[in-house]
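Shared between the two complexes below is chain A, which pairs with chain B and chain C, respectively.
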Partner chain A sequence: MLGQILYALPFLAEGFAVTLWVSLLVVVLSLIAGVLLGVGLVYGPVPLRWAVRIFSDTIRGIPILVLMFFVYYGLPAIGLHLPSFWAAVLALTLFKTAQVIEYLRGAVGSIPKGQSEAAMAIGLTFRQRLTYVIFPQAFRRFLPPWINGVTDAVKGSALVSLLGITDLMQAVNQVIGRTYEAMPLYILGALIYFAVNYALSLASRRLERRFSFIRE
Partner chain B sequence: MGYALNFNLIWRHFDKLWGGLLLSLELAVISIAIGVVIGLVLAVWYVSAGRIVRAVIAAYVEFIRNVPLILLVYLVFYGLPTVVDLAYSAPTSFVLTLSVYSGAYLVEVFRSGLEAVPRGQLDAGKAIGLTPWQRLIHVRLPTMLRITLPALSNTFISLFKDTSIASVISVPELTFGAQWINFNTFRIVEVYLVTTAMYLVTGYAMLFALRLVERRFRAAR
Partner chain C sequence: MSEASNATPALLDVRDVSKAFGAVEVLRSVSLQVKRGEVVTVIGPSGSGKTTLLRCVNFLESYDSGSIRIDGKEVGYREAGTRQRRSERDLAAMRAETGMVFQSFNLFPHLTAAGNIMLGLTKVRKKSEAEARQAAEHWLGRVGLAHKADSLPAELSGGQQQRVGIARAVAMEPKILLLDEITSALDPELVGEVLAVVRSLAEDGMTMLMVTHEMAFARDASSRIVFMADGGVSAVGPPKEILAADTANERLRTFLARFRASHF
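This part shows the complex of A and B:
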């Protein structure tokens, strides 16, 4: 049994690399999209605010699995052909973007109004106000929940196995298909996911403590 | 684009979605009920326990929260029966998994609620001569519940959405019904639009109902 598992390790490592790659793409892309849309939600004109609000509430209101099947099977139906890897990344990114929007809204909303008004009074433009006054303060509130949310991206990435992508989850299933050693391999897979995510949540907790001085 | 929406086939097979939604709700309600019991017992135990018990409970919580639910579902359905002499159906297996999974999340919610109960309330309970058990039932738990209700609502709704994972072991809940219609009629966009609407309406109905409960308890203060 141990021999078979050792033999499978390089294959699992390849799957793990895919898991990390998917997670990284999702985290980076959703951070960019989420911050832009989040700023739109807080400062944008009313139609944009409504659009972002509806987007976020809809995406967060449905299971990530349904969103993934919708994107994966639905895009080709309307004539858009994406490789399954990118369809999966797109679906997971949409989901994560909605979360980032809410983190940003919460973080920016926690900055007292007086800060904005003071910045306006000294004649800063909108972009300067965001760069020099709002974001540096909001960043400290944004970071801990966001890092904690990275674990959701890693866990969510396991769903790409359902679209035939050989990530860690799929690699585990394939090794079990060959060796019939279900329990040891599922436990091994679980431990790998755990190691990554637990490290991330520890980092999030440390940052939270590090920034706790701003809880006035 | 050459895609014309046609919902006729969806309505013809709507029983797959409706029956699926009812099963999703059933899975969610049973799992959450068991999860609440696990969560309450372990949270109360945790706050009064010694270091070893705390470490064990924390290990359970951290392990479950940091592993993908789909892996746990496979582990319980395909893995567990190979090492223990048990036979169970896919729905039972999923309920078992989601209960243990929700228990881990709920321990966290209840634990932080218990720690937020003001010390003075417990002292007051002691002062009027309540036994520890009475303090727990009449002071600690009700106050904790009021504090945790908003977090509790969010957890319940997210657990309801997690029932979609049951489709990977062929439990015929809502997502499974949607996939069935997807593969058999190819009315792909339509079926996922309807499914999305069904999840949204159910989720927001739950949220609305839970908000009413929250408001009611807030008024009782």
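This part shows the complex of A and C:
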């Protein structure tokens, strides 16, 4: 059995690299898009608020797998052909963006209105108010759900295997296809996912302590 | 500013300002002038529009009609009679000219006392970190908190927090300081230390417009008192005249009588 695992490792490593690459892309892209749209939702003019609200509610109401198949199999109907890898990344990013929007709204919404007013009163512009007053305080509330979301993204990336992308999940399946040793390989795969997510949650706990300087 | 009633032009000139929240008229054609170096106190029952008026002066609230000028410059709207809001950048620059101290302090909890004061100095006044720190220490000294420069707001008492709030506002060297019921959230024994700071600023010639329920303080510290009722200015005059128990203004008399009954 050990021999089989050693045989499987290089395949799994390649798949693992794809899993990490997909996760990283999704996490970074959704963070940027989600924060921008979240700011639009909280502070934007009414039409923008509505647009973001509809986007977020729609995306969050669709199963992620449906979203992924829609992007890959559905969009070509309107002339948008994405390679499977980018279709998967786009679908996962849309899904994650909707979540980041909500984390941001919750975190910013928890800051009392007086903070913005005090920042206005000393003459800070909108961008300065966000940068120096609102975000530093909202960060602590944004962090825990967001890190949870990151671990979800790592786990959720296993869905890309359904578009035929050889990520960790697919690599495990391929090795099993050759060796017929399902149990040890699924356990190994699970352990790798677990290791990544456990490391993330440890890091998150450390970060939360680091940013717990605001006592209320 | 064309028809200013006195010889010296007013620093703050509020003319016929009206504002409604939906169907509720909170300000009805309010006019009010504050000259350089004056301390003007606004009193009146709750819901009379005092705080809204104050918040209009630095455009935390917009107003529906009328004009508010500081040093001859319209506050929230572009000049030339339009009701077009100033740009975000313009508004920020205008607000930097007025200092505001809030009832609930509103210190930035993630910054130290000095950090609270330095933020506006570095980001708005573009002072260097060292200059800003020096100014922060100077003003913290003025409010008796030189030793608390590196404390977070959560480590300070209410009275100390409010004194930092005052230091944060005056460090920007505003043309006028707005004080919005700044002692209302304080325990009674902490009120004195905050009022002492305000008094010393007044003695230094700081122009102030304040809303307060501290009648004794209003009487001693104000150049003039404005009595507001139902969104309008009901009486204006020197403290002795306004706070006289036998004033002819019936609304004011009722307000004062009720006030005395509940405070003495």
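Everything that follows uses one rule, which is that the second predicted complex is superposed on the first by the 209 of 216 C-alpha atoms of A that agree within 3 Å, B and C clash if a C-alpha of one lies under 4 Å from a C-alpha of the other, contacts with A are read in each partner's own complex, and residues count from 1 in each chain.
As a working rule, a contact is a pair of C-beta atoms (placed from the backbone, for glycine too) under 8 Å apart; a residue touches a chain by one contact, two chains touch by 3 or more.
These numbers come from a predicted model, not from an experiment.
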{"item": "Touching partner for A:Ala121 - first (chain B), second (chain C), both, neither", "value": "second"}
{"item": "Winner by number of chain A residues touched, once chain B and chain C are compared", "value": "B"}
{"item": "Touching partner for A:Gly79 - first (chain B), second (chain C), both, neither", "value": "first"}
{"item": "A:Phe135 touches, of chain B and chain C: first, second, both or neither?", "value": "neither"}
{"item": "First, second, both or neither for A:Thr58, with chain B first and chain C second", "value": "first"}
{"item": "Which superposed partner A:Ala158 touches (first chain B, second chain C, both, neither)", "value": "first"}
{"item": "First (chain B), second (chain C), both or neither touched by A:Tyr43", "value": "neither"}
{"item": "Which superposed partner A:Asn197 touches (first chain B, second chain C, both, neither)", "value": "first"}
{"item": "Set intersection of chain A contacts, chain C complex versus chain B complex", "value": "none"}
{"item": "Residues of chain C that touch chain A when the two form their complex", "value": "58, 60, 88-89, 92-100, 102, 104, 106-110, 119-120, 123-124, 152, 154, 168-169, 172"}
{"item": "Contact set on chain A toward chain B in their complex", "value": "58, 61-66, 69-70, 73-74, 77-79, 151, 154-159, 161-162, 169, 172-173, 176, 180, 182-183, 186-187, 189-190, 193-194, 197-198, 201"}
{"item": "Contact footprint of chain C on chain A as seen in their complex", "value": "112, 114-115, 117-126, 128, 132-133, 136-137, 213-216"}
{"item": "Touch list for chain B against partner chain A, complex", "value": "1-3, 62-63, 65-72, 74-75, 78-80, 82-83, 161-165, 167-168, 175, 178-179, 182, 186, 188-189, 192, 195-196, 199-200, 203-204"}
